[in-house]
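In the two complexes that follow, chain A is the common piece, with chain B as its partner first and chain C second.
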Partner chain A sequence: MRSIAVALAVARKDLVSEWRSRELVPALAQFVVLALVIANFGFQIDSRSAPAIAPGVLWLALVFAGLLAFGRAFAAEKEQASLEQVILTSAPPAAIFAGKALAAAALLVLCEAVLLPALALFFGTPLSIALAAAVFLATIGMAALGCMFAAMVAQLRAREVMLPLLTLPLWIPFIVAGGQAVQVMMGGGNSYGQALWLLIDFDILFVVLTSLAARFVLDE
Partner chain B sequence: MSAILAAGITHWFGSEPALEGVDLVVERGDHVAVLGDNGAGKTTLLRILATAMQPSAGGLEIMGLNARREKRRLRARIGYLSHAPGLYPALTAAENLAFFCDLRGVDRARVPEALELMGLTQVARRRAAELSRGLQQRLAIARATIHDPLLLILDEPDASLDAEAPELLSRVMQKRTVVFATHDQALAARLGHRTVQLRKGHVMGAGSRLHVVH
Partner chain C sequence: MNRYLVAAAAAVALMLAAAAFIFFFAPTDALQGPVQRIFYLHVSSAIAAFVSFAVVVVGSVAYLWRESIVGDRVARSAALVGVVFTTVTLVMGMMWAKPIWGTFWTWDARLTSTLVLWIIYAGYLLVRRLAAPGRQAARFAAVVGIFGFVDVPVVYFSVTWWRTVHPGPVISTDALPPEMLFTFLFTMACTLVLAAVMIAIRYRIEALSDAQPQSQFVLQAAQRPTS
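For the complex of A and B:
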């Protein structure tokens, strides 16, 4: 129970801080819209090419928005010199980590609320619960991995470079399965259920692994 | 049982020694002032005592617990004030304390009391970013003591505080074991039961690695 209370306290603190400072979400929302605008001009989009291109554009925008969101999760704590104070409270490291990941994932979900309608506008993707579910499931696993690596590189001067180098290779399973799910939504495939189960499997795997690693990452 | 038993604490930053063979015994209820010039190793020693970092070598037992193996149990009994206040600028003074109550599993009802003790009641609803450096330092001290720790480790607690600092600090130090670092000899003499002088990572003393000035 204490772990849940700690995780919720950390997540609430991060969300309240973001709500008051409005540093990240507006920038992320602008970023994803700009990415879609550029992709719209960069590709020759028509009704035949959209199903092939839209999933790639969606995941590219999401991946880079995620890197920004998860990178800030621990970089801000480092700049404020507050992370050490949190770790020294004897709160379970896995709970602290879960709270940070929860808040970062919530911020990314807010961006997705801008991204998905914008994608529908530019690329004609259907706005459906099934599409949102695939993106949401990918966000969970991406948040777990992204926050773990963000915590690892927070102490480094070259953290902006190191975070993508460490995170992107492990995000590939989410991009593959998520991309497959989105393609089905657009009539380009026939295995939505399989893609969704794959995302759930990856979520479970990476949430468990990162929770186990949290103690070593945050404490040592 | 001693509050702190440190034997041969040594720490290296790369090839630079920060502390070399420091022995320290602090009895319960003792107030020990750590003195020394910049770079003497005061902060490193205090961070090791607070379990914020592990020494490269040496043994450390605090409140009868091994500082390496029982870190989490120990942290529940230690209050640590670091060099930087480490506050959340977007949260109010009261919210900063309430957050740490949640992390420590302490009743939030302690927040008003802690604010009052540090003279922060008037600014309880102001964001930490809007507080002066001195008020931020008071808030950081309040956070270090919100869980009523047995051992208090304070790194330059008088930094940015006004003339009331000694009175304020003596209030929070009451009935606790305290190790604090300061450059202020007068403050050390006033608040410390004894002092430890560090120089270039060594505890000064003729022929001894530990020199305690009573």
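For the complex of A and C:
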């Protein structure tokens, strides 16, 4: 029970601090829209090619927005030297970590709330609950992994370079399964349910693994 | 001659013997011709890479559990050797793919997952270099080493989970004639010996560099602080 309270308190602290400064979410929202604009020039998008390219653009924009969001989650703590103080309290590291991951995932969901409608608007793709569900399920696992590596690289040199290097390879399962689900929603096919279950499996696996590892990453 | 030189010479001799079997004993493949002989070293080095990464996991768990410096050194050594063998697997696979598939690379599940494996453990080596030496480097690398191993079963089962152009298992399905099977098993055994010798020599290098006066301070920091 105490762990849950700690996690919620940490998440609340991060969200309140974001609400007061309003730094990250507007920047992320602008970033994903910009990513769509760049994709337009990179792929020469027209109404025929849009449905085939849209899923790829969605995941690329989401992955890089995620790297920014998770990187900030711990970099800000490191700059203010507040991470040490949070760790010095008697709160269990796994709970602190879960709170940070929860807050970062919430920010990324906000950013998806801009990305998905923007994609529907600019690329003419269908917008549905099922699509949002697949993206949301992928976000959970990506947040767990992203936050763990962000906590790690915040303490390394060259953190901006190392975060994508460590995180992207392990995000691939979510992009494979999520990409499959999104392609089904946007193009057709019938393996949506299977992809969704795969996403849930990966979520459980990586949430458990990262909470076990939190102790070793958040321990100075 | 010290025992490391003897072991290295023995490993080289074994690999030469394996080469002799590959080129003079194993029959030429009826469909693919001589290029199929890549198979023996290609698959053997993939297995050696998997075993090396399994050693990384064992060493990493030993470090996280008991703060065992030995475990950390074993993981460090095995990660490097694993990356080397993954490189060999990828390069030989590409050389084989060009004449048979007509292209060096295709985004096949097994090829892709093997490339990801290479990237993950190359990242492991980078973490070692970029983290503060000692306790932090050891702990972070151990976490990366354990998480990265998730990809090994993906590589192994990729040919059964997805439809791929890469051939599936040939040993368990009894697809090889006895001469080819013997050559393969012999090459695999030799490659595993080579990997073990490489890990042992690398371990010695790591131990010696840990014994440098400036490393002593870092090593003490790697142990759990007395509190």
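Simple rule for what comes next: the second predicted complex is superposed on the first by the 215 of 220 C-alpha atoms of A that agree within 3 Å, B and C clash if a C-alpha of one lies under 4 Å from a C-alpha of the other, contacts with A are read in each partner's own complex, and residues count from 1 in each chain.
To be clear about the criterion, contacts are C-beta pairs under 8 Å (C-beta built on N, C-alpha and C of every residue); 3 or more make two chains touch, one makes a residue touch a chain.
Just so it is clear, the structure is predicted and the values come from calculations on it, not from any experiment.
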Where does A:Thr89 make contact in the superposed view: on chain B (first), on chain C (second), on both, or on neither?
first
Examine A:Arg20 and indicate which partner it touches, taking first as chain B and second as chain C; both and neither are also allowed.
first
State whether A:Leu156 touches chain B only (first), chain C only (second), both chains, or neither.
second
Check whether A:Arg2 is in contact with chain B, with chain C, with both or with neither, and answer first, second, both or neither.
first
A:Ala213 in the overlay: touching chain B, chain C, both, or neither? Say first, second, both or neither.
second
Should A:Ile172 be classified as contacting the first partner (chain B), the second (chain C), both, or neither?
second
Touch check for A:Gln80: first (chain B), second (chain C), both, or neither?
first
Chain B and chain C footprints on chain A meet at residues 219
Residues on chain C engaged by chain A in the complex (per definition of touch)
64, 116, 119-120, 123, 126-127, 130-132, 136, 139-140, 142-144, 146-148, 150-151, 154
Can you name the residues of chain B that touch chain A in the complex?
50-52, 71-76, 78, 80, 82, 84-91, 95, 99-100, 102-105, 127, 143
Over in the complex, which chain A residues touch chain C? Could you list them?
145, 148, 152, 155-158, 162, 165-166, 169-170, 172-173, 205, 209, 213, 216-217, 219-220
Which of the residues in chain A end up touching chain B in this complex?
2, 5-6, 9-10, 13, 16-17, 20-21, 80-82, 84-91, 96, 219
